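Pasting the structures here.
Two complexes, one shared chain (chain A), two partners (chain B, chain C).
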Partner chain A sequence: MTTPSGPRRRLVPAYLATQGRTAAAGRHSLDRLSILHAAADLPAGLGGEHRQLWELVRPGALTVAEAAAHLRLPVSATVFIAADLAERGALKVRAPIPSAQPVNRDLAERLLSGLRALK
Partner chain B sequence: MVVIVYVLAGAAAAAAPLLWLLRRAVRATRAAELRTGDAEASARAVGARADAAEQRSRAADGTARAAEATARAAEATARAAEDRAGAASARADAAEERTHAADIAARTAEAHRTVADARYAAAVRELGHLAHERLPAATTALTHPRTPVPGPLDVTGGTEELQHALESALTAAVRAVLAERDRTDAAARAALRGAASKIQALLIQVRSLLEEIQLSVDDPRLLALDFRNELTLRRVQSLAVLSGAWPGMTREDSPLAELCVGAQSRVAGYARIEITNHLREPRLAVAARAAEPVAIALAEILGNATAYSHPETRVVVSIEQGSSGALVVVDDMGVGMEPDQLERAGDLLGGQAEVLLTELGDPPQAGFAVIGLLCRQFGFGCRVEPSPYGGVRAILRLPADLLTLTDPAAPLSALAPRPITQTTPVFDEGDALPTRKRRSPRVPQQDAPPALPSPAGSTPDRARSAWSALQSGTLAGRSAVHHGPGLDGPAAPEGVETP
Partner chain C sequence: MYLPATDPILMKLMVTGPFGVGKTTFVRSLSEIPTLHTEETMTAHGVPVDDISRTPGKTATTVAVDFGRLTLPAGDLVLYLFGTPGQRRFLPLWEDLARGALGALILADTRRLADAFDAMDLIEEAGLPYTVAVNRFPDTPPIELDKIRAALDLDPATPLIECDARERAGCLDALIALTEHVLDRLPQETAP
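Moving on, here comes the complex of A and B:
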């Protein structure tokens, strides 16, 4: 009966990952570009979704958005899982890499002239 | 002639005596004649007398005859009178008998009247009893089957017809009430069906929209909204099922583990529900036609389990794969059910009892009725029994013909529990006896305060560190309040590496 056309109707809603909480655990500021990487072994007593996320980021770092795509969960739900792991020290969270900003030309020119002056 | 004279002489001589004799004879004759005459006269007299007598006799005879006739007449009269008297007597007898009979009849009638009066009074009493006691009880018993319905006041005294009539009156009244109730219920059901189907369709649209928005907006409140929507949807779905609408939506073959988690997500206290997957085959799925019904039934089971147990206890769910089908066993540690509640639940679950909207109570308790209806319609089974955990154990049984295997390419949801045998062994292999590994609750206790160091045996160093921890915590909290709550606060960057 499995029809390949179209996505399957949702059976498991994402909010289950919140475990009934209104905000993610801990005080890590996690957004979709926060970078996760494994820091320690998986602590016992967490659900299967925690294990999956931990296994996803173990080989390297992933942003929350990427991890969410792998887990096929919305970012808002993935944040809860990642925060649980970070709270237990199994994950490290980096703030997002700031996007490139226009260079202060005046500062750069003064630096350049200063360097030249060193010669 | 001499000779003749001689002879006459001799005859004369000889005749002398004779003459004498003759004279004598003559005299005698004369005397005789005289006497004869006398006699004759007397005879004549006698004859006359005789005649007279005869006449008299004749007269007497006539008189006698007349008398005789008179006597005969009298006799006849007498006989007639006698007959009449007899007849009169007979009539009198008959009259007496009739009187007697009438008397008896009157007495009988009196007795009958007394009996009839008593019966009438009894009938009036019975009718009053019927109207005031039996009928209300019988109608109450239609909704509350355990209500005792009193019998007639006098089982032995009343006539059979009366009892029969009373019974048929009661039966007719109950039948009328039943018919009216069915009619009302059908009308209510139809109205509810229309409303529930419409609301259900709208809520499913809301769900799809929310799911879509969740992919682009990261606000966790969307998740909370989704949850509320799902709770509402479950309520409406159960009403739709009760009112005879199509249960929810069509699905594809759905993995049993996902169905269980999906059912979990529809329950208010879902965080307390702990699902352990013991399936040998992780792709074991419920066939499309029964997928949503099974999810609805499981959600009702879990809803009962969480609603009737303490909010801090767990609800333990185990998904098992038997030799001919699968089982989902739900145990709660709640207050349990009374034997009669269990019996009623068994009736509802077994599809034995007819379910009316009016029977669900206020607020409606539809859980078992919904599960029973779905079981009957889709061919799975459910039963409840006292749980070894102290509350109620509900067992949902899925027969093999409702089970299938999903496409291995279709991945399971990340939130569905993996079979426990694939992650950690249930039993330690080295042990002589199998020991079940303790699993700590899946729910992290976020709200629990951190354990403070015990004051007993504290050293100055420990006391100092405890107090400084408290101080730093307070400071962190204050700075968090200053900088705004929640995720955006820059406070407490422990564990976060800043680049």
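Moving on, here comes the complex of A and C:
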């Protein structure tokens, strides 16, 4: 599929990046297109991947998928770390489509006219 | 690199098909950012794991996902394109990846058309509307869409188009055809 441009294997296994936990903290429900943006200062005692993610989304917002790719972390690990940071108030999380509205004609029509405008 | 500060709505379309059919090229032709890459691990049972060495007897597959992003001119919508392999055995992972997606574009190669069946099965099981785009390679013989439609046994309502994954304009046309099809399949809203 892709020719990797550099080393792709992580040096730290994903289960260590999540400090051995297998469930995300709190009620933040995150998926690949949840939008992450740093909010407050990084709480004391958080380093490693937490700091990397927080620093990555400090200048601007990125989705979970983009953050995972930039940090070369699995999406699942990125979700855990982001939920952790959000729980401590260090990260704002926004859903890809506000108010969880289902895909509707209005959105699909806006997409269609946007794509046509790109031609 | 960062999302526009306009709080856009994010939408997702899948680009799928057999290995080497041009999914990454397609995504790259449209993406405003360098295409990004994640790897997702799936066991034979569809359970994502990070380390399978402690679970003898299980096999795991690493699935490469390439994706890109396209901000639409009004700035209030950002479209993500996820390029994922279209093998039916990836169904559990695929359903997870495709959650919330509007639809899927299947890329097909006329020289090995049968490989597209797997992706069609996968997407039909995932329940997404789809459009098939035949990727034109330099050595592709002339494309007769009628014959391809018959060979794929495509539903008459499913759009079938031709594109060159390296050319942005044709890729946009493919997404437009897919989005039109998505709209056809969405129920008409009743007046309030």
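Following the convention adopted for this analysis, the second predicted complex is superposed on the first by the 86 of 119 C-alpha atoms of A that agree within 3 Å, B and C clash if a C-alpha of one lies under 4 Å from a C-alpha of the other, contacts with A are read in each partner's own complex, and residues count from 1 in each chain.
Throughout what follows, a contact is a pair of C-beta atoms (placed from the backbone, for glycine too) under 8 Å apart; a residue touches a chain by one contact, two chains touch by 3 or more.
Quick caveat: nothing in here was measured; it's all calculated off a predicted structure.
In the superposition on chain A, contact is made by A:Arg94 with both chain B and chain C. In the superposition on chain A, A:Val79 makes contact with chain B only, while chain C stays out of contact range. Using the contact criterion defined above for the overlaid structures, shared-chain residue A:Asp31 touches chain B and also reaches chain C. When both complexes are overlaid on chain A, the residue A:Leu42 reaches neither chain B nor chain C.
Of the two partner chains, chain B is the only one touched by A:Arg51; chain C is not.
Comparing which residues of chain A touch chain B with which touch chain C, the overlap comprises 1-2, 8, 13-15, 31-32, 74-77, 94, 97.
Here chain B touches chain A in the complex through residues 207-208, 211, 214-215, 217-224, 226-227, 230, 249, 251-254, 258-259, 261-262, 264-265, 269-271, 287-288, 291, 295, 404, 406-407, 410-411, 413-418, 423, 439-444, 446, 480, 486-492, 495-499, going by the rule given at the top.
If you check the complex, the residues on chain A that touch chain B are 1-3, 8-32, 44-49, 51-53, 71-77, 79-80, 84, 86-87, 89, 92-95, 97. Taken together, the chain A residues at the contact with chain C in this complex read 1-2, 4, 8, 13-15, 31-33, 35, 59-63, 65-66, 68-70, 74-77, 94, 96-98, 103-112, 114-119. Across the complex, chain C meets chain A through its residues 1-3, 5, 7, 9-12, 19-20, 23-24, 33, 35-41, 48, 50-51, 64, 66-67, 69-70, 72-74, 76-77, 79-80, 83, 85, 97, 99-100, 102, 169, 172, 175-176, 179-180, 182-183, 186, 188-189.
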